[in-house]
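Letters A, B, C and D mark the chains in the order given here, with residues in each chain numbered from 1 onward.
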Amino acid sequence: MPLDAIPVVAVPPGLRAGELSGNAPALLREIAEMVRRLLSEGETSAIDLQALPLTPADLEWLREQLGEGEIAVTLNADGESSLNETACPGVWWVTHRNPKGAVVSEFLEVAFVPELVKAHQDDVVIGLEHLELLISDLS
Amino acid sequence: MSASLEKGVRVLKEVIDAPIASYFSSCVHCGLCAEACLFYTETGDPKYTPIHKLEPMRRLYEQEYTLLGRLKKMVGLSKPVTDAELGEWQELVYNSCTLCGRCSAVCPVGNDIVYMVRKFREGMSASGNAPDGIKGAANRTITIGSPMGVKLPAVKAQMKHVEEDYGIPIPLDAEGTEYMVMLSSMEIINFPEYLGAIAKIMKQAGKTWTLCSTAFEATNAGMQIGNSDLARVIVSRIVEGAEKLKVKTVISPECGHAYTALRWEGANLVGRPFTFQVKHIIEVLGEFQEQGLLKTEGFETDKLTFHDPCQLARRGGVIEPQRKLMKMVAQNFVEMPDAGYMNWCCGGGGGASAIEEGEELRLEAFKKKKSQLDAVKPDRLVTACANCRIVLEEGLEHYQMDIPVIGLTEMIAEHIPDQTQSEGA
Amino acid sequence: MNEIQLLTWVRGDGLDYAVGIFLLGVIWRLFEIYSLGRKKDLSASRSVAGASGWHTIFRRSLPPAGMVKKSPVSYIGGYTFHIGLAIVVFLFAPHILLIQSLTGLSWPGLPSQFIDLAAVVTMAAMVVVLADRINKPVKRYLSTFGDWFTWTVTFLPVLTGWMAVQHLLLPYTTMLALHILSVEVLLVVLPFTKLFHAFTLFGSRWYNGTVNGHKGVAV
Amino acid sequence: MQGPLIETLARQGVTRRTFMKFCATLASAMALPPSAGRAMAEAMAAAPAASKRPSVIWLPFQECTGCTESITRSHSPTLEGLIFDVISLDYQETLMAAAGHQAEEALHAAMAANDGKYLLIVDGSIPLGLDGAYSCIAGKSNLETLKEVAKGAAAIVAMGSCAAYGGLPHANPNPTGAVSVSDIIKDKPIINIPGCPPIPTVITGVLAHFLTFGSLPELDKHGRPKAFYGETIHDRCYRRPFYDQGKFAKTFDDQGARNGWCLFELGCKGPVTYNACATVKWNGGTSWPVESGHGCLGCSEPDFWDAGGFYKALSMPADPLKLAAKAAVVGAAAGVAVSFVNRGKKSAAKSAHETTTLADLEK
C-alpha cells in the first residue's frame, strides 16, 4: 500500500493563530530604541522573535507595520535564509530555514547591513586567492 | 424510684433502629430544621435547632452501634452520655418540642426528626428526666383515669346535663354499636358542648354509638412523656373497652395526641392489629358529609379561620375534610399563611402544655401564631383539638387578642336544624 | 519521591487502596446502619396517592414551599455546588475516560472551558456556603470538627483539579498527583463522615416517606 | 572569527555563514539572547589546536548506545556533531579507535592531564546489585569507575534518562539495582539531559553553553536545562486546541486520529512531560512523536517506564478495582459482624427490659 493511500490529513487547529496577543506594539517601541542606538553609537542588535510570546497574527501585524524595503537578500546555507530590509531602513527581518524549508529561527536585526550579509575578511582573502588563480589560468 | 441513667441508656439501645441510624448518618448540619421550628424562629436561640435536641441520643447511637463511635469513645474522643446532660436536655426534648413535625417535613436529606424525639423521650423518661408536669398527668391518667383527674361520676354528671339540655339520650356501655366515642378531659371539664354536639350529629346521621365506662378518656400522657409501657396501659383500656362492646369504630375526640396515640401508636403498643377502626371525629364528620348524612342550615357570617392541629394534619394526613366542613357552615372562611400541611403549631402540643416551667417559652413561641393570625385578622378561630384550643386561648389572652376559639364539631352541630331533633325524639 | 513517582503511586497503589477502603467502608457502614432493623407497623394503614417512600426520595430534592426564602444561601449555594460537582465530576472528558475504564460506560463530555466555569462556580458556591456556616448562628452552633473537615476534603479535589488544568502554583504533574490524592482522601473519609449522606439520604428519605405514607401523609 | 574549526568545517563544505546561522538558531533554541549566538560562534570557532581543546571523557554504563546514536546520527552530522571538533573527546568507547589497554591508558592519561578541568559525560545507569557485577569495564564495576573519574571532573553531564534517572534498567523491579549519576555523585555540578534518547540539539546546546560560558545553563529541580525542559509537551503541542475542545482520537485508526485530534485518550503523557520535542522536533525538524500520530511516552521524566502503561490515558489508573472484590468481602464481613454484635446488643437491651411503672419515672 502506498503511503498516500493512508488518509491522514492534518486539520490545522487555527484557534490561537488568529488572535493578537497585544505584545507586538511594544515591540515597535523597542525597535525604535534600537534604531536610535544604532544611529548614536553604531551599536547593532537583534530580537529573537521565537523567544517572545507572539502569535502568527502578531507576526503578521508586525510585518505589515514594518512593511517591505528595497533590499531582499537570500542566503543559501544549510537551507534558505532570507534577510529582508523593512520599510524602515536599518531594520531587517531575518528568517532562517532548514533544508526542508521549515523556519528554524527568526530575528529582527537592527544594523546598517546584517552581520551575515557582510563578507568575512578571511573569506575575502580566500576569494582573492581564487581570483588570482583564475587570472593565472588566463595566461 | 428506680429511674436511672443505666435504665435510660438501655431503653435507648432498645429503641434505636435502622431509621434512626440512617437519619443520624444523613444529617449534614445544614440547620434548615431550625427554620421550621417555631421555638427557634421566635427566640433565635440556636439551641432550639431540632436536630440538636437529639445530640445525646446521637452520641449514644454512635458509641453503641458504630465501630468508629466505639473507638472514639475508647480513646476519649466521644464523651459518654451523663445523667446531668440528659437533665439539661429536658428543656429541649420536652418544653421546646411539641412533636409538631415541621422539621421532619423540611429536612432535605429526609430525616424524620420527630420520630427520633419520640424515641429519645423513651430514654429520657426511663432515666427519670421527664418533666414533672407530664409525669403528673401520666400519674393521674393511670391511677385516676384521666390526666385532669376526671372520674366516671363526673362524666356521668356531664352526660346527664347534656341529656337534659339537648333532649337526646347518651348511651353508655351499649354493645354492638357502630361507634364508640372517646373524650378528652378538657372536653369533659372545659368544653361540655362537645358531647352534645356528638349526640346531635349521630342522631341526625342515624348512627348507633356509645360511651364506655371503663374507657372514656382518650388522651395518653404515657405517649407524651415518651414511655411505651405506660402508654400501653392507657391505650389497653380503650382496646379492651372497644372489644368488650364489639364496636366497629372508635372515634378519637378533638385532640391531636389522643388521635396519634390511638390511631398510629395503639396497635404497636399492644402488639397486635386492632379489631376495630380508629377515626378522628373530623374524619367521621367528613364521611357523614360525603354520604349526605350531615345536613346543616344557615351560615356563620363573621370572618373565620382554621388552625390545623399538627397531629391531625401534618402527622395524621387529615387536611381536606375540615376545610369542606368549614365551608359547609362558614361564609367567610379565610386561610392563614402556611395553613394546612405546613401549619405552625400552637406551641403546646406533645405534652408541652402540661409543663409549667415551659410557659414563658410557650408564650414566646406563640408569636408565630400571632403573626399568622395578624395576617388574616379573623373574628373567630376554629380548630379541632381541645389542647390547641386551651393553648390558643392562653396565648391570645396573653397578647390581648380578642379572638374566641371554638371547636369545629360544636360549630357544625350548632347548624344542625332543631326539627331533626324533634323528629328523632 | 519525585512527582512522577507520586503520580504513579496515587494512580496505582494509592487509588487501589482508596477505592478499596471506600468500598469496604460503604458496605460495612450500610450493614451497620440498616441491619438495626425496625419494627413492623401494626396500625392500619391509610393509603393516599403520592405518599410513599419512593415519592419522598424524589420529592425531597425540591425545597418545601417558603423555605428558599428562609435560608436562600443554603438552598441556592447547596444546589449550585451539588450540581456543579456533578458536572465537573461526570462531564469532564478525562473523568469520563476513567469511568469508562472502570465500568465500560461512556458518554459525551463538555468542552474544557465549560468545565472550567463550572469548577469556578462550584468553588465559589462552596466558599459562600462555608461563609454561611461561619456567619449563621444555627450553622455555627451545629458545626463540629467534622463539618470543617468534610468541607475541606470536598473542596480540595475541585481546587487542585482546577489548578492542575489552569497550571497554577505547581507544575501540572505535581498538581495532578495532588488532585488524585485529594480525591483519594475524599474516598477514604466519605463512608465515615457526614459525607456518607450521599448514600444514606436515600434510605432516610425512604423511611420518612414510608412511615408517613403509612399514615397517608405525602411528605 | 577564525580558527581551526572554521577550516575543518570549510573542508566539509560548511560555510562560515552556515555556521553562524547554526549558532544563532542554537542560541534561540536555548532561549539565550541573540548576542549569545555570536558569542558561541566566536568561542567555538576560536577553539584552539587539538592539544589545548577542552577534554571530554564519555563513560558508557548500562546503556543501549541510543544516546550516542542520537547525536552522531542527527540529520546534519556535520553541524550537530561539530561540537566534537571543538572538544577533545579523549574517551568514548563506541567512537574511539583504541580498544583494551590502549583505551584505558587514554582515559587515565586524559584524567591526569586535565585533572579538575575535564567534562565528564555519562550515559547509562549504574548497577549497584551484586556489588556492581552487572556491568564492568576493564575489570572494574561502573560504580568504581564513575567515582574514580568523577573525582577530577569539572562538571558531569548525565546524558539520557538512564544516566539522569536510572531509566529503563531502573524500571520496576530493577533487577540490577540501577541508579542514576546523581544518586552516587553529590559533590560535582551535574546537568541532566534526559530523554530516551535526548534531542541532539539539546546535547549540542548544553555543550556549547559550557564551552562558551564555562558554566552550566540554568537547571530545573530535576537538574534539566530550563531552556529545553521548561514547558510540557502538552502546552507546546500543536494538537492542544483539540484537547481544550474535547476532541480526542479514540483509536489509532479512527476518524479522530485521521483528523489529527488530541491523543490524550490513547495514553499521551504530554501533559506531564517536560521536553522540547514539540518545538525543536526530531530529525532536523521533520516531525516528532505526536505529529507522527503517537502519544508522548514521557521519556524525559523520571521513572517514565513505571508510569502506568504507555497506552493508558493519564486519567486512567492502572487497576483501581484490584482490591475491590477483597474490600467488598471484608466490608461485608465487617458489616455482618457489626450487625450481629449490634443486634445482640439490642436484643440484650430488650430482654433486660423491665416494664416501667409510674414509680419508675422517678430517680
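FYI, a contact is a pair of C-beta atoms (placed from the backbone, for glycine too) under 8 Å apart; a residue touches a chain by one contact, two chains touch by 3 or more.
Keep in mind that this is a model prediction, so the values were computed, not measured.
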item	value
Higher-contact pair (C-beta pairs counted), B-C versus A-D	B-C
Chain whose Cα mean lies nearest the overall Cα mean	C
Identity of the chain that, by mean CA position, is farthest from subunit B	A
Whole-Å separation of chain centres (CA-atom averages), subunit C against subunit D	40
Centre-to-centre distance between subunit D and subunit A (centres being mean Cα positions), rounded to whole Å	33
Distance from the mean Cα position of subunit C to that of subunit A, given in whole angstrom	58
Residues of subunit B engaged with two or more neighbouring chains	16, 65-67
Where subunit A touches two or more other chains, by residue	none
Per-residue overlap in subunit D, given as positions that touch at least 2 other chains	244, 334, 338, 342, 346
Chains that touch, pairwise	A-D, B-C, B-D, C-D
Complex contact set, residues of subunit D against subunit A	1-2, 6, 14-18, 20-22, 24-25, 27-29, 31, 33-35, 38, 76, 79, 238-242, 244, 257-260, 284-286, 293
List of subunit D residues in touch with subunit C within their complex	222, 232, 234-235, 243-246, 248, 264-265, 271-272, 274, 298, 301-304, 306-308, 312-324, 326-328, 330-332, 334-336, 338-339, 342-343, 346
Subunit B to subunit D touching residues, read off their complex	1-4, 7, 10-11, 13-14, 16, 64-67, 125-128, 130, 135, 138-139, 142-143, 225, 227, 229-230
Subunit A - residues contacting subunit D, complex	7-11, 13-16, 45-48, 50-51, 75, 77-78, 81, 96, 98-100, 102, 104-105, 107, 109, 115-116, 120, 122-123
Subunit C partner contacts - residues on subunit B that touch it in the complex	16-23, 25-32, 34-36, 40, 44, 46-47, 49, 51-52, 65-68, 104-112, 115, 263-268, 271-274, 277-278, 314-317, 338, 341-342
